[in-house]
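See the structures that follow.
Look at the two complexes coming up: chain A is in both, with chain B in one and chain C in the other.
Right, the complex of A and B next:
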């Protein structure tokens, strides 16, 4: 598969593989957060579909249900739902990634009362704890079991252990492939732009996993020997709020930079750390998913996240770090403040950038700030 | 931050003002008038409280004691902990830790100073914290980030899962100041056995954390003493809530503020009990006479505040209520969930309330966990707003019990949690027949919306909906 095909898939909510899946009479369940174990849905033949808010031209519906001081990401998701663009969903699972995302639960349910067919029949709230201790892990195991019960009951399916183990293996294979992709990005002369890499990752959130692994493997075999992307360009690491905008990545990269690493919700970080296949599958899934400390929703783990970023900066020979956050994203916004302080103190140049999710209406402002940052990196 | 602001610590300045204000009631009117001329930036508040006589003086004394405890913690060999109003301070008092509750200090400074806490709010942004975060923490947090307060030993917070914006402020503080941090997590449901078991384990882990920080084991007798005092306080609050159901409401509008402030300052302490007794006594007197607690004496309309109040300069929010004859029937901050209190009695769901069992250590820890799980916000906005036992349920029950004429939301733009659902909430309460007003102002920062605009929108609502 070529990069352009991944870009096509990533640039739209719908794709041919999804259409084929639906045409076969199979179901799709949307979800909001990387703390949801996809394997559970996959093992009962449901397509886990990561919800996005792309291609919105208005947030009129989002603004009607959410208040004004809310992040534009869930508003855009709600907008698309209200417009009926998520009508292919058979279910939705909402996770407390942050306060704004948590309230998507109520806002979407109420939108469903006003706009016919805008909300799926199956709605489930998946309560992920905010810390990693033995009893929160137990809680999370129970949450996973609740999700399984709800899914089994609504979709009239039965989760078999061998199917779950097979799904875990499949997703672990996917993680191995993503790790290869990541290595291609950070090599001395990278052959992948950040925006292309994002497209490859994003496609995985909307495709059946077997198909995705096959396409990704083909891609990795083909891409070796491609022209170098990084010749003379500044190597950037991108951190912060949820970003599934290829356009934003392209704007950042421009002619003078290449994003070779990131630590983003939609980025490759979700595909590292394997599920232990030798353990009982549900506790093993719980461990793998809850022990992701990369998101600031896991309170009190800033030092661990800082260490991860510093290691990545060294490994990928990063010239500068861009810390972006969507307006009203308090978690990333304030963590970016800490990261700026600590990374700059370690001699790593940083640019802190606030933006809106959705259509790129601030390109001029962002470009101007990026130019200034590039000038700084040139010195 | 402005140079002159850097000259004084926030906690010291507040202590100085509170303790001096408590002495005003000993002044003659002439002395008071003369003195107030020298306090142009916060003249009306002491005047207001001196007019309340013992209730006002007691409150200032109590606030002065709270602040003095912070200032003298080190010399008394006690540890200090930055914490939130969502965490009951009773456990900290039981473990000999001095609470430094950010939201309380923010309110004190916001209410008292003409300029509010603008300098501290802004310093947070200089320090890297987002300006879109909740101002209730930022208002005093800026001082501690700038080193304008006592040294802090550790940080305890209990809002993750309920209000991540609140939790984030404390996590940021811990990282910025490099202090030990503990968070209690809140599951989305309140009454399941699973949630209760989780609370127990989490609360025990917090006790272990505090023991590690202080080097002292939790004393069973001290905890029992504190809980017995909590019980007395909840019974007093329950009676106040009962009396507020009368028409006219005999409680002065400011007393709702004093009730919840007292609980936040001194839950489980003798000082708090004394403060509540003084308030109750005055409400009882008004009730016996059948008079309204409003300064004008005429109750025109009954308002329920579904979230918080508005705190900027000189308590003008409460003055506005008095001026319009609107009585204040409480908000999310003051409600008692003790088993004998009016709302849980009305709701009739035992699991929703808490009881106080001091028979042994395990029972007391469970009791503290249950109290904490029913603190403001923690109780009613932990799950979907329209779930049983949550925000809508509670407020519709209160609206009925207190025979309210309308409901008001006042909050902050930093409140992601309520702004994520308040439009839906208002739609539902309107459907139930309660006119509902959403205040778009910041309860702690007039720069977001001027007080004049806030007042004008509020009064327009009263007029248009024919509520006064």
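Right, the complex of A and C next:
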């Protein structure tokens, strides 16, 4: 598969593979956060679909349920739901990635009452602890079991252990392929722009995993030997709030930069840790998903996150780090301040960038900051 | 004799400057038009006319400001942060920290001994803390921008605005006007609100002496005085030229460096 095809899939909510899945009578369950184990849904023949808020032209519906001083990401997701654009969903699982996303649970339920067919029949709240301790791991295992029970009851399916083990293996294979993609990005003369890499990863959130693994493997075989993207360009690492905007990545990269690494929740970071296949599957999934330290939703792990970024900066020979956050994103807004302080102290140039989720409406303002940052890196 | 030009097309005003022998030989400030190219053409024509020069007499132009990418007569473009840094250094050689409040941005940056930007931070939330905020508020009070500073110096009991969000502050200003508060006290409250927003940026970057201020808001004594109090440091007033011209001056200086085959940044 070529990059352009991944871009086409990533640019839309719907795609031909999804249509085929639905035409075969199979079900799709949307979810909001990278802390949800896809393997659970996959093992009972449901397509796990990561919810996005792309291509919104207004937040008229979202504004009814959310206040004005709140992250625009859940608002855009709700807008699309209210417009009926998520009518292909058979279920939705909401996770407390942050308070704004947690609010999506009750806001979407209410929208479902006001706008016909805007909320799927299956609606489940999946709690995720904010700390990693023994009892929170037990709680998370309970949450996974509750999700399994709810799914089994609603969709009249039975989760078999061997099917779950097979799903874990499949997703681990996917992680190996994404790790390869990630390595291609950080090589001396990278052959992949950050926006293309994002498109490849985004496509994976909306395709059946078997298909995606096949397409990704083909892509990785074909892409070797492509023209170099990084010749003389500044190497950038992108951090911060949820970002599935190819346009934002392209604006950042422009003619002078290439994003060779990121630590975004739609980025490759979800694919670096494997589920231990030798353990009992449910506790193994709980460990793998809860023990992700990359999101600032997790308490007490800032030092680990800082070290991860610093190591990546060294490994990928990063020239500068861009710390973006969606307006009113408290988690990344505050963490970006800490990261800026500590990375600058370590001699790593940083740019903080605040933006809205949704269509790019502030290109001039953002471009001025980016230009000034690139000029600083030129010195 | 080499003449270079700087054209700074901002969101509110456009500025043009011509430099010869390290001297500003002509400058102009106009209200920006809808299309950046029209603003650039108009300000360039005005400054050329003032100097009795033709377009071909200028050896190299550099464009900056929000509309920089739309100007067809410039040789290259640079960000306004780079140009304000260079311009500030020329306007005040000892400057190491620059506060630039433009139409839709407030920026604070540190510069080195050559006027090159070492580090910068910008406002992000919205229009509060920008020239647009002051413009909107001046319109509410029925004042010219320049009058805001003069009037606020006469305030006895400056109003404290609960919100520096442009929309909420506008509603508050109307409420105070209708309640019969002195316009001087309201003007001072607006300037203080503005200074509060910008002071956060100045503190964050850990400003070093000398501090100077560029951009149109530098001419509002009310904001500058309030800002000095908040940051507890002196802000040096720029006298050599209009501080609003700093970006265009920096662009013209970089154009000169370019001609000398030096790397502009």
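What we mean here is this: the second predicted complex is superposed on the first by the 379 of 379 C-alpha atoms of A that agree within 3 Å, B and C clash if a C-alpha of one lies under 4 Å from a C-alpha of the other, contacts with A are read in each partner's own complex, and residues count from 1 in each chain.
Simple rule for what comes next: a contact is a pair of C-beta atoms (placed from the backbone, for glycine too) under 8 Å apart; a residue touches a chain by one contact, two chains touch by 3 or more.
The structure presented is a predicted model; accordingly, all values stated were derived computationally and were not measured.
**Q** Examine A:123 and indicate which partner it touches, taking first as chain B and second as chain C; both and neither are also allowed.
**A** Neither partner.
**Q** With both complexes overlaid on chain A, does A:344 touch chain B (first), chain C (second), both or neither?
**A** Only chain C is touched by A:344; chain B is not.
**Q** On the A-aligned overlay, A:70 touches which partner chain: chain B = first, chain C = second, or both, or neither?
**A** A:70 sits against chain B, while chain C stays out of touch.
**Q** Between chain B (first) and chain C (second), which does A:100 come into contact with in this model arrangement: first, second, both, or neither?
**A** Touch status of A:100: first partner only.
**Q** Examine A:136 and indicate which partner it touches, taking first as chain B and second as chain C; both and neither are also allowed.
**A** After superposition on chain A, A:136 lies in contact with chain B alone.
**Q** Please work out whether A:296 is in contact with chain B alone, chain C alone, both, or neither, and reply first, second, both or neither.
**A** Only chain B; A:296 stays clear of chain C.
**Q** Quick one: is A:115 in contact with chain B, with chain C, with both, or with neither? Answer first, second, both or neither.
**A** After superposition on chain A, A:115 lies in contact with neither partner.
**Q** So in the superposed three-chain picture, is A:274 touching just chain B, just chain C, both, or none of them (first/second/both/neither)?
**A** Neither: A:274 stays clear of chain B and chain C.
**Q** Of chain B and chain C, which one touches more residues of chain A?
**A** More residues of chain A are touched by B.
**Q** Looking at the overlay, does A:378 come into contact with chain B only (first), chain C only (second), both, or neither?
**A** second
**Q** Taking the stated contact definition, name every residue in chain A that is touched by chain B in one complex and by chain C in the other, in rising order.
**A** 327
**Q** How about chain A: which of its residues touch chain B in the complex?
**A** Listed in rising order, the residues of chain A that touch chain B are 64-71, 96, 98-100, 102-107, 110, 125, 127, 129-131, 133, 135-136, 139, 142, 296-297, 299-300, 302-303, 325, 327-331, 333-338, 340-341.
**Q** Using the touch definition from the top, list the residues of chain A that touch chain C in their complex.
**A** 327, 344, 352-354, 364-365, 368-369, 371-372, 375-376, 378-379
**Q** Spell out the part of chain B that touches chain A in their complex, as residue ranges.
**A** 127-130, 132-133, 157, 160-161, 163-165, 167-172, 174-176, 181-183, 185, 187-188, 194, 198, 201-202, 205, 383-386, 413-424, 427, 440
**Q** Show me the residue ranges of chain C that touch chain A in the complex, using the header's touch definition.
**A** Of all residues in chain C, those touching chain A are 66, 78-82, 104-105, 116-122, 124-125, 265.
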